[in-house]
Structure formats: C-alpha cells, structure tokens
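Each of the next two complexes has chain A plus one more chain, namely chain B in the first and chain C in the second.
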Partner chain A sequence: MMRMVRSTLALLLAAAVLYGMQHTRPLYSDITSPIVASGGMNKRVEARAFALSLDSARVARVLNVETFGKSKTYTSSGVWVVVEGEAEAKFETLGLTSGEWLSRSGVRHVLTDRVPATIGMMPGDVYQPGLPRRVLLMFEVPEDAVAGGTVVVAPTKLLPLDDEIRIATNVSGKDIEPAITIRRTEERPPWTVLPQR
Partner chain B sequence: MIAGLGGLAASAISFSMTLYEAAHPPKAPVVQAGQQIDTGRWFVTLRTARVGTVPPTGVPPSRPVQLMMVDLDVVNRSATPNNVLHRVVTLGSPAQKLPMPTVYLDRDKYLAGYFNPNMPERLTMAWEWPAGVPVPDKVTITVTGQIYKRRDNLYGASGWYDRDPVATVDLPVEKAP
Partner chain C sequence: MDSSPAKVTSTRRGYWLSMMALVVALPAALAVQTWGSIKDWRSQHLRQPLSASLGQPIDYAGANWTVTRFTRLAGSAGSTVVLAEFEALAADPKALGSVPCEVRLSDGSGREWRPTLFADPVVRKQYPEAEQRSLCGGMAFAATEPGKPARMAASFSIPPAASGLTLSIALYSGLPSYLIVSEPRT
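Let's look at the complex of A and B:
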C-alpha cells in the first residue's frame, strides 16, 4: 500500500516537473536562433563569417524597374523600401540568401520576389573574402511598418546558430518619395537608383 | 506493466478517435462569395470562378489546357511571410485529385511569390482541369483553418498547423470563350 502511494507521488512529481520545464524553458526557436550582430546605418557590422554596412534607405510608393530596355511599374498596397550597402565575406566565399525587414512591432517582411532577377539583388550575388561588394535590397512593406524598421541579413535562413546581422535603419516613414526607378547598368554595381540624391 | 497497459489504452483511444472523426467529418458553414473568411492565419475573400485556356499572364501555355481560375483576395495576418495558399484554398470537385494550383498576383499579372503580413492582395489561383471531365456549372471551394501553436508537441517549436475546414463557398463558373 505504502509503496503504491510512494510511486504515485513520484509519478505526479515527475509530471509536475516536466510540465514546469515545458513552460519555463526557452522555446526551441530561441535555442536554435541565429547568433546576432547588431548595429546602425553607415557602420560596418561584423558577424563571424561576413560583414555588412548599409548607407542608404529610401521609401517610395511606386517602384519602376528598367532592365534591358524593358520598363515595368510595380505598385503596392504599402510602400517600397530600397536599401543599399556593402557586404564582404571574411574567410570563405558565401552567398547572402536571406534578407528581411523586421518592423518595430516584430513583423517580418521578406525581400521582394516580384522584381526580375536581372536586377542583381543581394541573394543573387556571391561574396568573396576581401572583396567588398555593393548590395541592393528591396522590400514591400505596409506604411506603418516602415518607421523604426530593421534590416536582417543572413547567409541562410535554414541553418540554426548561424550568423545574422541586424542593422537598425534611420527611416522615419514620413519621407516617402512618389516613385523610385531602379535601372540596370553595365557598370559596377550593375544598378542605379533614381532620382539620385 | 501499468505503463504498458496505459500505452495500449492511449493508442486504442487515439485510433478510435481518428476513426470516428474520419467517419463524421465536421460540417463547415457555407459562406457567400465576396464575404471575408477568417482562417486564423489568413483573411480570404473568394470572388469569382471561371474556366478558360489563357492564364492571367496573357500567355497561353504551349500545350493547350483548360484552367479553372478562381479570383480571391487574401491578407496574411501572421507575423511572417508565407506562400502556402494551396493548403488553405482547395477545390472540392472533381472527385479526382487535381495538380497543385498556380497562383498569380493580380497587380503584376505574373506568378505570385510570398505574401507579406498585413498587405492585402488580389490574386488568381489556376487549377489545371483534367481533360475529359466536363466543367460543372458551379464549383465548391473549401477553406481550411490554421492555428498557431507556441510550442508544438514534438520539438516545442512555434508554428502554424492545419485544422478543420472553416468554410465552403459555392462559386458559379463563368465560361470564357
């Protein structure tokens, strides 16, 4: 009799401990989250495998894309954010395939996939160690997600505990241009953002 | 001994529950076209259905096919971009399994990619209609709900999980020339 009570108590205790652990331990996504290096605009932010600096972030209602003599206008229910900067691999060649706009409220917006690949956005390029390269990122976000947004860049979204750089932008969300044109050029970098400013 | 019996009982209960649910599928409410449906992760508003041979890009496919095209509005209400709409909006008929639909963004008249949170978009989903199956006068669209689990039962990871259908919508099929 005593033994049954004891084992029942032990079982209940074990269940309680497991329940408590389930609800107090960090989430799986937190345990396997990327290792973040953060910074601000116009600063070189260093992660383990690559470095990134952003020097321009512009917001527009309409995006015009001109590539190989073709021009297309991209409208949006929100606004377009066009970000430029420079990325460099540190030790080995890598791609930067994941770019996200993290709004102040924690909502993520992925790099646009509407713009043709002939405009060399960040994921399409390869970054060599010691050869810094200009990067172009374009996001489509609701207007209220612009102010205080952060650009999040990682070599891949799939590997846990990989590098990630977060750069807080300085866009206010007030200064919205009516239209921005991205034109493909034959120079380096292979794009120009118009009107120039 | 007790643990073995308990396990046996648990699997018996779960198996019979699955059997019961399969035998008594939950009845989803019928919703009118043009009415917004809340699936948990998405707001979906089904508009019209039509059958034709030219997809919204305006470029007919090299091999002529009939396409069942459904126009709808969606808003992604979750905190991350997503593009898995084909599990949310499914075509009820015909009885045979249809290939995965292609999703076109109305704004670009081109293939749609990710849908960013809180950005309403109008789109067209196009299913390839099997040759030899007569096109009905109306199709039934089933809209499946999804729930967010902060910790799933396997890893304790957060994610969205498919649930029961939340609505069915009957759409008359317009026959384009």
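Let's look at the complex of A and C:
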C-alpha cells in the first residue's frame, strides 16, 4: 500500500515539475537575445567587444545635407533625430552595422536609408581597437516617439548573444529645431552638424 | 511470474549491462553528433603558429612564404599605419587562388586588427606599388604564373602606442597551422 502511495506521489511531483517547466520555459528569442550594456548620455558605456558614448542628440523637422557644394533637403511627416558620439572597438576590428531608435512605447526605428552613405554614418565605418572615432546616427521617427527615446547599437542583429549597447537620451520631444544641416567635410570627423551649439 | 534465482540474476545482469552500454553509447552519440562542430572549433581556436622572421622564407600551405616588409608609418588622424608586404612562391599558384586567406595584426595585449579596406594616404604616397597589390590569396595567386612569386600587401591602422606587433597569415587549407612574423626590433 505504502509503495503505491509513494509511486503516486512521485508521479504527481514529476507532473508538477514538468508543468512548471513548460510554463516558465523562456522563448528561443529570449535565450539568444543580445547581451545588453546600458547607460546615459555623455558616459562611456562598455560592452564586451566595443564601447560607445553619445554626446549630442538633436531633433529637427527638416534635414539638409550638404555634400561637396550640393545641398539636398529632406522633409518628413515625422521628425529627424541626429545623434553624435564616439565608438571604439576593444579587442578586434569590428563594424557597427545596427543602430535603432527605441521609443518609450517599445517601437524600434532603424537608421534612415534616405540620406546617402557618403556622409560616413556609423554602418559604413570600421572601428579599430585603440582608435576611437566619431559616429553619426540619423533616424526618421514620428514626433511622439522622440521623448525618452533610447539609442540601441550593435555590431549586427544576426548573431545570437552578441553585444548591444543601449543609451537613454535626454531628448524631451519639446525642443525641436526647424532645420538641421549636415555638412560633409574633408576633415575628421567627415561631417559638421549645423547650426553648432 | 517466474521469480527463480536464475531468472532474477539474468534480469539484473541485463539491467547493469544496459546501464554500462548507456555510459559508452551516450558520449559516443554526442561525439558523433558534434564532431563537425568540434573540428570547426579546433580549426578556429586551437591554431598552431609557424614562426618566421622578416625576410626569412618558410614553407606553409603548399607555398614558400617570405614577409619582405614590416614597417610603421605616421598615419592620418594620429594613428599609426603598419604596412606589411609578403610574397609566396607556389608550385601551382592557381590551386591556391580559391583558398580564403586571413591576415591579422596583433599586439602584446591581445588586441587584433584586420587590414584596412582602403590604404591610408601615407601608403599611397610612400609605397604606391604596395597599394596596388592584392591583400592575400585569391587574386594574388590567380594572376601569378608558375615559378613567379605572388606578391601581396596589407596595411593596418593602429594606435601609436601598440607594441609587440605580430603579423599572422592563415590560409584555410593550411589550418590549424598559420604563419606568424614578429615586428623587427629597432
């Protein structure tokens, strides 16, 4: 009799454990999600393979791009967010190909592909260990996605368990400039954001 | 139900034999399943360096390799450019034409640089011939006639303070062995 009770209890326990495991099992996307390092503006945030600091985040209704004397105006039904900072590879040469603007509501906006890559934006650059270089990120987002937005940068979105840096910006969403000009230069960094602040 | 001592002994023996077989079969199944991954990991991580010095020829991956130049130049924006030139004499250069090749520069603290896609202006100015050379493998071998060396070059952008530099050349057909040449001491 006792043996039967013991077997039944063991069976119930096993069923309870399996039920618990089934309902607490993380999704594959959770298991392989990026390893995140977070920080704020004007601070060097360190991930395993690279470091990033952002020192400027500006919002404008119109974006002008001047490349070698030619000027082009980009309008939008939303606004333009222009972010500048500095990135550095820590141990080996790498590219930072993924940049996103994560709104407070959780919507992700990838880097704009409307502006020509000749400006030297982040995805086209290679970062060498020990040689920090300026980064320029431009996003086209709805106006209500600006306040409390976070910049998310990663070497790639394709590799599981890769590094990701999240920097919370101090953009309020109220301080929107009428226009910002990005001027291509021959110096380093190869751009200037005007009007200068 | 037959519960004679002979039957019980036979059942127990079968049980323990199965358990022992499991101890062998389980790791064997895992090893067979993951052998490809283990081989890939070994070729990526357990590499065996073949050391040579600047100007010293060394046989590697079916060719005779010589690093002919390993020099530092003052690059732009406060960086230092390292220019490495090397050549390989292969009996059958075309056979090496399709083999991927990897060139890296590392320093004493374990940092690793890949060659720059476009040479720094200082290379263009001081060593225009090196700028025209292929990086490594591929085109360099494919365009070379038998009996003539394939000439290659790589330039790296590094911080001026980096020390203990080592150039490494790895042809995928030669892995896990790879070639290393240290920066000559001045």
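Note that the second predicted complex is superposed on the first by the 173 of 197 C-alpha atoms of A that agree within 3 Å, B and C clash if a C-alpha of one lies under 4 Å from a C-alpha of the other, contacts with A are read in each partner's own complex, and residues count from 1 in each chain.
We adopt the following convention: a residue touches a chain if its C-beta (ideal position, glycine included) is under 8 Å from a C-beta of that chain, and two chains touch if they have at least 3 such contacts.
Keep in mind it's a predicted model, so treat the numbers as computed, not measured.
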Fit-or-clash call for chain B and chain C when the two complexes are aligned on chain A: fit
More chain A residues in contact - chain B or chain C: B
Which superposed partner A:27 touches (first chain B, second chain C, both, neither): first
Contacts of A:145 with chain B and chain C, given as first, second, both or neither: first
Partner chain in contact with A:196 - chain B first, chain C second, else both or neither: neither
First (chain B), second (chain C), both or neither touched by A:93: second
Touching partner for A:188 - first (chain B), second (chain C), both, neither: second
Touching partner for A:131 - first (chain B), second (chain C), both, neither: second
Which superposed partner A:75 touches (first chain B, second chain C, both, neither): first
Overlay on chain A, chain C to chain B nearest C-alpha distance, Å: 20
Shared chain A contacts, counted only where both chain B and chain C touch the same residue: none
Contact footprint of chain B on chain A as seen in their complex: 22, 25, 27-29, 74-78, 106-110, 112-114, 140-142, 145
Partner chain A, residues of chain C touching it in the complex: 76-77, 79, 110-114, 116-117, 156-159, 161-162
Touching residues (chain side chain A, partner chain C) in the complex: 90-93, 126, 128-131, 188
Residues of chain B that touch chain A when the two form their complex: 79-81, 105, 107-108, 110, 113-114, 116-121, 150-151, 155-158
